[in-house]
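Before anything else, here is the set of structures, which you'll find just below.
Heads up, the next two complexes both have subunit A, just with different partners, subunit B and then subunit C.
Take a look at the complex of A and B:
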């Protein structure tokens, strides 16, 4: 009689041990993948935030030492001359640029998604401003908006209009918003294009059979199906808008008459344009972090309730 | 022909040097002026006076961190270095420019890490360095009897000493932060002569007559974020702090009136709207005849393309003759306290700020030399003639900044605040009250 190979039987304890081992191996692999990113996250984000908290209680400079002043940097903030204007400018900038960017990006994405030929070329053209660094973009717009030989006024002159002081007190913030839209609309358009192309077509075919108009299909299908990516875009672009700085410093240096001075610009002024104000800049930064966090939570809550609490 | 001329002039200088009629420094400067290279000069000096060529046995590499006063700043610095290297062949130089916007942080970071040996800074930052330990106190060297004759030639030494007992740097220039560049052809066409700016009424009337809507503005104010309004404040009898630095001294009726007068140029549309021109394109607009008068600092003379196709001149700002005053600040060279060879650094700083080199640097930087002997050492040979011509006026009405740390912070914030009055967002009373508040907040008074 031929010997039958013995089937190896594992005890429940062995099963559990092997399962645990496999899970640990899987988790270890995962940790190895996210480890480098996590280290960078801690070193370049978590530690600086704690550093900012520490600096916000100090008076002095980075190089010549500091002393503890408690919460004095925070208590001085409400009385700061120009603070209301900087906050207002930041809110107006974010309030105008975020809807314009996202609405523009969605419109462009809807058009790009319908293209059957030459889509890559158009996508490149739309995305191109994203590749331009903020400082370079600022310089380009500096030339476009020049009162005497800028392109904008040349175009106006062609139609018989008077030249406009584009970087004047009443218009500079608008130019800054326009520049931001120009730079970022392509970025979010690419996100939306990818999402739109991936939408289930059978839903659209069914809607068409039911006689739904293009507007209805957009209103009741596209928007709900894109809600997650739109939510992500709203949160991220709002955070970015609150941090506007590079284009402001190149284009207008916060002026004229403080018309484009934003909160982050004031932080930069206190860190690089002043002496012994690092603590003050850190205090403003912390308030900014808390404000952005609160606004993000509010956005999450509002958008979540709109989509039925999922 | 040229070679013969060069040969003759070189021989003349060499003969004068050998006969003791010319100092070693003047000899080297003269040869540099003829275009001879540093090694060639070094060889000549060694041949004529081996002892002098041996010098003090200085050797090492000197690293400069300087501000860009003109587009040719590094070339100008190198030229001065060539003279020193001709006498001291074992000394080499490196030059790095900082950005004016971040000058303070760049200087502080560099000084703390020992990255450079010699630093250029302006008077507005001087009090902070005076209060710190990053730079060498030059008092003992300055007080050395052998240096007494040279020390006496530096201008405004009382101001330098006013910041405290230490001397942190040797002055190389003083700079007028806000001057009026005036197109005299337009002024004459408006029916005025040079006296147009002696009273506010004639000044404003002239501006109105020179303004052609959509084509030419009478004046551009606020093209730079510093200096301009401070002169108005001082001319109106105010200052950020009282003389004893114990209280604000801004909110005064005359200061409010003077500020309101400036604002009226905008409301009457004879000043270019704020934001029309900035520091970079303002000089070009003036050169193109788009602006009859440009308010900007004197270094703009190195930016504007000369010669201009019209007659122009520089006058003090604010324009009225009564109580006229202009604010100037000194530029210094300081030595990093971490530098190994302090004797070398001292010799280099002395060389850089001597009459000849001071004159040469200022002449190419749109500014004024901080030495009494600079005019006889060639100042005015390269600068715009209008700049040299205006020197007596700017010296006559000069005031320095106030000697408290943080003055520059106050000045920048105050200048921005006053612009809100120019734009009509605030009244002159509100703007001045806010400037006083800024003074209190920034000084802690």
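Take a look at the complex of A and C:
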């Protein structure tokens, strides 16, 4: 019956059946393609995020078991030794390193993008610190900041200054910030170079004909055109700055006197370095996750509304 | 009459000379600007690279020479004992092997998983696609360090602590790759896919024979991102493994600092040696990476 060789119109029922079949096929292959990755995503990312909420209501340690204490971990967090300091250190760190990194990266990118030759060499050298593991970067900076033979004090001595104890209470966080700028400025510089090269050249030629100076071209063309990119960079680099840990553990071990102990550093100490604080570790982690999610959502919203406005 | 004509001729000569002068001035100005750019960039890169030179220098000196002032800028003859110490007195080669093994495995697995997921997110209309994509975007920024408590207890209850699986499986969850691959695949024209489907290819064949070859540059970028991410990862390997056989490079190098006593020679040599593989990899791939990745990432 079905074996009619002639081409014919589908009846409505056949049409619906075929469409259902095509849809089922789509659903199935969608599942097959997203599935493998999605399983890992759920097990090792979505579950732990909810796990953090569960753990933040517990008191005890990973090894000897925990009990439910409600929201006590959060209410006691401000009084907990080291917790407010860790949050303060992280905020200061992010507040100082993000503007320095992005301003430096933008300046380097403006120079690099207009370079006529030799750009590849600079790109390689500027990007290289990005590839250095934080632990190794910490080791390298131990050498630079050593009071007796470090490069910093050698340079100071060259100009006749007295040697400085770089990893002392007042300066250690500053050194950590400088290290972070050194490590990350290349990443965002490359990012901005790509963005600047992609800008429409006609606008710049028109501006030049109108007699706009280099400064005003930057102020009224480059900056507004890069607005979205810069905003993205601010949010992402802030989030990265929140996570600083590995450079601190090698360079200063969180010290002196907790001056460079960051939030993630505290989390690690609460879990593996002290008794019965796993709930606090989860609570302080959750505070950080919520802050980061808020930043992310803010960014998504702003980018969307801007896109409509442009 | 002649005087006027002569002045005209003179004018033309002056004008031509003025034009030539003007061009020369402009050329000189351009060269001057280019030179000043080189000067500033040279200074910046010098500051960025000096720490590397300094640590390489220290690794080639014995401990007396490290402490001497003024520092010798060219350590001659080089002192190789520090490197010998790293190789003989620590498990450095084992750490390096572990890092390479884990990073390579994760990279290969993740390139496949992420490109498949990216294909589904870009081209297949299945129920809940938008929700899945939004969830990935939102959780993209959650830092691994903030999840160590639940992640550790999860991996522990799966019985995976102190196995290679503990190092390899959690990184597969990162949604960045899938999102990046979606961006790349979205840029491909739908016609190709329709043509392939008319030719009787199924979804998997389309992915394997059409999509993958077309996004090869994107795959290279993704692979480099994942590999460097694994190469520098520290906090998760630190807590997921305690056995000496499973220590990765970053954890090993940190342990030199934590309980190896003060040994600047050893530290500097290990720092230099741990940078060698990533430097080689990056040097080979830098052209593709720096140019293409960022262009791709910017399309977001």
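What we mean here is this: the second predicted complex is superposed on the first by the 250 of 310 C-alpha atoms of A that agree within 3 Å, B and C clash if a C-alpha of one lies under 4 Å from a C-alpha of the other, contacts with A are read in each partner's own complex, and residues count from 1 in each chain.
FYI, a contact is a pair of C-beta atoms (placed from the backbone, for glycine too) under 8 Å apart; a residue touches a chain by one contact, two chains touch by 3 or more.
On a predicted model such as this, the values are computed, not experimentally measured, just so you know.
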item	value
Contacts of A:148 with subunit B and subunit C, given as first, second, both or neither	both
First, second, both or neither for A:243, with subunit B first and subunit C second	second
More subunit A residues in contact [subunit B versus subunit C]	C
Partner chain(s) touched by A:82 [first = subunit B, second = subunit C, both, neither]	first
Subunit B versus subunit C as contact partner of A:281, first or second or both or neither	second
Subunit B versus subunit C as contact partner of A:162, first or second or both or neither	first
Subunit B versus subunit C as contact partner of A:272, first or second or both or neither	both
First, second, both or neither for A:220, with subunit B first and subunit C second	neither
Touching partner for A:252 - first (subunit B), second (subunit C), both, neither	first
Shared subunit A surface residues [contacts with subunit B and with subunit C]	62, 146, 148, 249, 271-272
Sites on subunit C touched by subunit A in the complex	34, 37-38, 40-41, 44-45, 48-52, 54-55, 58, 66-71, 113-114, 116-117, 119-121, 124-127, 129, 132, 135-154, 156, 169-170, 172-175, 178, 202-204, 207, 228, 231-232, 234-235, 239, 249-251, 253-254, 256-257, 264, 267-268, 270-271, 274-275, 278-279, 282-283, 286-287, 290-291, 294-295, 297-298, 300
Complex contact set, residues of subunit B against subunit A	101-102, 104-105, 108-109, 111-112, 125, 128, 132, 134, 214, 222, 225, 272-278, 281, 285, 288, 290, 405-406, 408-409, 412-413, 416-417, 419-420, 422-423, 425, 434, 437-438, 441
Sites on subunit A touched by subunit C in the complex	26-27, 29-34, 36-38, 40-41, 43-52, 54-55, 62, 108, 111-112, 114-116, 118, 120, 122-129, 131-136, 138-144, 146, 148-149, 151, 154, 157, 182, 185-186, 190-191, 193-195, 198, 229, 232, 236, 239, 242-243, 245-246, 249-250, 264, 267-268, 271-272, 278, 281-282, 285-286, 288-289, 292-293, 295-297, 300
Contact set on subunit A toward subunit B in their complex	61-64, 76, 79-82, 146-148, 162-163, 165-169, 171-172, 249, 252-259, 261, 269, 271-277
